[in-house]
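Presented sequentially are two complexes of chain A, the first with chain B as partner and the second with chain C.
This part shows the complex of A and B:
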């Protein structure tokens, strides 16, 4: 247990320099863009003298490392600069938008996991039959459709052709968003407002499915491959010789070992899935950081781009650590190394 | 009948899912759901000039003056006003029955605070630029005041109904501060803002204590739907009652559907080429050739289903600065001969940079490419460069724009100063043209106090600017609006879509 704790602590420590490097690269890349944040933060009628004064006040007349130092110092105090286009604290904007993105990503991952793990096991179980061939073709087809295409397709089918699910925003027009953490499902549940909860689930269904559909096939294929590998292990043959049924071998013995590489993959996928929220949020009007990022890029709003970029990095690192922790818990071999 | 465990589980599962697949319906008799293409930047209406947010702000706040659907200036919370003959002062008389949403009466103290005290306190507010000329606002009574300007302000009444000029409550802003106000505003308009989830939705409730006509709709939900395909889907699925900013082809398609009313509405927004008077456009022959080579009617047909009116001067038709009997001809033969005079031809083309945004307004990039093709036929080789709209001012300030930039200009007032005056004033950040032969005439008109003389001056300048190749207006822009047949609203010539004018049946 102590060993596991030490491994996780080490992982946290390694994350710090990663975050610093990523934040510096992001900062330097944004500063190298041919955009003047000082001029853009002032009204168009600002004079050259006013812009020069603003540039000095923002520290933009100093070297990039010096500017980064100022930004880092401010960031460590929880200040991420003022949005150029919205004239509000960039950190607060990200903090307000983050819960919607996390909620969407988690729901999408649940869908991707359910489809991916279920499909992977099923494909393996039915190996050698025509279902496997059809399944194989199906996963290739699913893999080749990007998430935003799923978003438009699902919107068209379940929103317009067979209008059974809503696809705008987070709840129905007649309902009010309960105040709280910003995690709508949690807030509705804790307020005991089941009308909002039901509405929020209905609104989440299509965007989460669109994101999940794009990631499920990869999980499916990796799990099936892992199961094929595991079935070549001696212990499977021995279990079978003991007279254990095929379903029990698959679900009770093989799956435990085969799921480890799948878990690692899911960790990586979860990071990509956050990236996928960008267009999905714009299409479905989800007020998350993807939506915020698209606006920020359109308006060359550098403080917001920096804050959103950094929050993506923090989330990917956090997920990666959570997956590491899960692998350590599930796999005694990993703990022994 | 026996029920197996499996069938029981399946039934339970379906019962759980059933509520999730209930069709979503938007309309109730006193509520409207609108799919809006963009959110407000904040709820401080004085802070940022965003044309698309004005209709939302006008639902929650009051401007001193208003405009009727044909853009004629009308009274609002200021019901009497008089601009002095020298345009150096303006007396106003406010209504005495205007209440802010917290029940406090609006007075000239709020007016003075908004347009003078606040502007001095927060010079980064966008309205600080539009009201720089205000030297003082003398309060004579809670309803009477006189505005004193440092230089003539002939368009002060127009600006009282334009971007960002909303009266805000002094007592609230002083009590809670601007950042808190920008999150939870107190206006005086026909609706109160009761919920705002940034980038997602705005909920407005009718202000039953409103001094003016009570809106027919009690609750307005504005869903922020930035993707135009999603807005089309939203109106088709019945999830919203009205939307706008649809792709032209979809609006045309919806016109054929009996369930909706879809309109392509020409508004006071123009599409033009902002041009420089130097680089390869230093030669007037080249500029005029470039203008004569553009088939504006073809552009309108190709990109706006023919609804965008070709323009000969930089003013939308019907506005005071337009010149109805004047036509700048599409004449590729003349364009070729003008280029030949300057030593260029199809075989020896002149190279021109053409900057354009991509996605800032419908069809912008394709429009630029089509213009480049038209130019190619007469001997102008255009290098189409994509720029971000947000960078236009920075590039212009640094003289880094190419010879021509495809640009869109919105002027809800329709006043010629806010068209030609701003677009050709070399001292202003909007104008790429820095030539003083036109520029000086333009700047002089800013000081003409007499309305008729001012309008006549702009009409003459418009013709001169086009004929000297200083201005290349292209098309009057159109907005697309689609709504359910049973919903009606008042269309404004400047494209405002005001919730307070909507009603069912």
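This part shows the complex of A and C:
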């Protein structure tokens, strides 16, 4: 157990330099853009001298590494600068928008895992039947449908043609949002406000399903093929020779081994899933960091882009760390090394 | 009481219009409390008997004739549910690869407990502990908390034996249960199976390719060749006085541990594949039989006193040639001198860097044209020594001299000096040969590196293939199209390409059948007479070392504990470890 703890601690330590490198690359790329934050933050009537003075005050006349140093120092103190277009603290903007994105991503992951793992096991269990052939073709088809395509399709079908689910925002406009963490589901549950909970879930259904369905087929296929591999192992044959039934072999003996490569893939996939939230949020008007990012890019709002980019990076690292922890939990051999 | 009875059992599959028979006309009786050995080389169909009992025949294969009966029920017509209710309860299996046969994601306790729960036992913890103690595992309670990868192969096999016998089964089928284990562990596991079997009067079907093992543990043996029974009877008679030419040939192919060293009988050819023996007429062994008669090719021999041969008296005419492997002149100069070699590996840890000593104070020499054996158990450091000699692993300290010249510890000069002078032959011929290259490319690889012309290489291929006894057409094939024995010959040909002074051979005959092994051992001796190379021959099989090597080094825990003339060391071992190794070797047959 101590060893496992150390491994996770080491993983956390490694993510610090990763974050530094990513933030520097982001910073450098943004500074190389032909936009001048000083000029943008002054009224159009400002003189060249005023602009130069502002540039000096903002440190923009110094080298990029030096500017990065200033930004880093500020960021470490929790200050991510002021949004150029909204005139508000960039950090606060991100903090307000983040819960919506995380809620969407987590729900999408749950849907992707449930569909992917369940489908993978089912597809494997029905191997050799016509279901497998159809399922196989189906997953190949599904693999080629990107998340935004699902988003538009689901919106069209369940939002417009058969209007059973809402497809704009996070909650019905008439409801008052309970105050708290910003995570609607959590806040509604803890306040005991089931009307809000229901509305929030209904609003999440389509975007989360769209995102989850895009990532389920890959999980499904990997789980099925690693189950096929595991079934060639001696211990499965030996278990069968002890008279253990097929369902029990699958769920009690094979799955625990087959899930390991699948988990590793899920770590990578869920990294992409965070990227996927951006388009989904735009399509469904979710007030998350995706929409914030799109607005910031449109307005060349450098501090906000920087802050949002960094929060994407943190989320990807966090999910891959969580997956690592799960692998360590499930694989005794990984714990030993 | 008869537990398992086969009456003219046949197992076959219909493939592309041809009926492929893996087993035919099989007759045997296995009584309660006795051990029946099924012996034969790979491809003989030994494992099919166990698979037929388990109802786990390969796809398409069915029991299509005869009757295979467990107690009084016919296994051919038994329902799947009925069979499954017997498995693990009345019929238990001991596998070939113990480490692979335990689920790596579950603890021993979870697996053992699950099994006992299926048997309907309530006091599972106590029962599991008692069984693990019965197979002489210490700290049984602690063991239940551990995962398979934390145990050795021998411990895993004991766990599996404990599980197999936990239900007091009537029949245990053990398929090569000791092949993956060290020789000392093998002896313990054999004793254990016998002990457990006697405790509850279980009948054991013991499948093995090793006649010596069969003679140690079995009451009766059934010798299979190409799916046909060739000899069946009491082990003492069948193995000591074989009446079938095949059994006799197998007996004479195995090197002996005691008495005078005798030359090995070389059984020509190889076991036919399934497709080939679909078309065979008469006695299946006739094409390879050393005492074949004209009518053997047309008349199918019936079993008389368990022997399926038209001319059982002919076995006496099978004799081995009189020559003994010649030892080289003792006055020759050394090719390889190793002194004070020490090697350790860092064991990964977060703060403390433990070092594991893999080899310490290794000193020995190999003279020109001399074959030196290196024996010891897995983990004793044999392969580390091979890697150190080849320069694949760098030593912490110590010197290696090649023909009197000191090799630099590392770097290009060291590699160049080694390249032309020593070559390694690896254990697993399958993974040592690039599957995407033709044999002719593989054997001349070293020449390509020095820029030889295509003509030179083509000529060399021809010479090399002839030397290792392969026909010219083999050059155009890919490794996957060769048999195990042929692959190992290609492996040897590649090593001989640059005419090295020293071969380092790591367990090169260990995965092979005894008849193929005999051919390869004699090939090495013949090639030495032609080419005069020396060899460091790593093996766990002392009998093979005794046959091939004039001197032997015994390794134990990273050290050479004893070295000397092979005969002297084996006759009068000085070190306790050597003695225990020798004692664990199964007796000659």
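Quick note on the criterion: the second predicted complex is superposed on the first by the 336 of 337 C-alpha atoms of A that agree within 3 Å, B and C clash if a C-alpha of one lies under 4 Å from a C-alpha of the other, contacts with A are read in each partner's own complex, and residues count from 1 in each chain.
We adopt the following convention: contacts are C-beta pairs under 8 Å (C-beta built on N, C-alpha and C of every residue); 3 or more make two chains touch, one makes a residue touch a chain.
What you see is a predicted model; the values in this text were computed from it and never measured.
Following the overlay on chain A, a side-by-side fit with no clash is recorded for the pair chain B and chain C. Counting residues of chain A touched by each partner, chain B versus chain C, the larger count belongs to B. Of the two partner chains, neither chain B nor chain C is touched by A:79.
Once chain A of one complex is fitted onto chain A of the other, the partner contacts of A:62 are absent, as it touches neither chain B nor chain C.
Look at A:165: by the touch rule set out above, it reaches chain B but stays clear of chain C. Legend: residue contacts after superposition of the two complexes on their common chain; A:10 is shown touching chain C, with no touch to chain B.
Shared-chain residue A:87: touches chain B; no touch with chain C. Contacts of A:177 after superposition: chain B is touched, whereas chain C is not reached. In the superposition on chain A, contact of A:239 is made with chain C only, not with chain B. Superposition on chain A places chain B within reach of chain C only down to 26 Å, the least C-alpha distance between them. Comparing the two interfaces of chain A, the one with chain B and the one with chain C have no residue in common. The touching residues of chain C, when paired with chain A in their complex, are 54, 56, 84-89, 92-93, 95-97, 100-107, 114-115, 118, 147, 149-150, 160, 163, 348, 350. Interface of chain B with chain A (complex): residues 19-24, 26, 28, 31, 33, 35, 41-42, 47-48, 124, 126, 128-129, 179, 182, 194-195, 197-201, 203, 219, 221, 223-227, 229-230, 233-234, 236-240, 388, 390-391, 393-394, 397, 428-430.
Remark: chain A residues 6, 10, 233-235, 237-245, 252-253, 256-257, 260, 330-333, 336-337 touch chain C in the complex. Residue ranges of chain A in contact with chain B, taken from their complex: 34-36, 39-45, 48, 51, 85-88, 93, 96-97, 100, 152, 155-156, 159-160, 163-170, 172-174, 176-177, 198, 201-202, 205, 282-288, 291-292, 294-295, 298-300.
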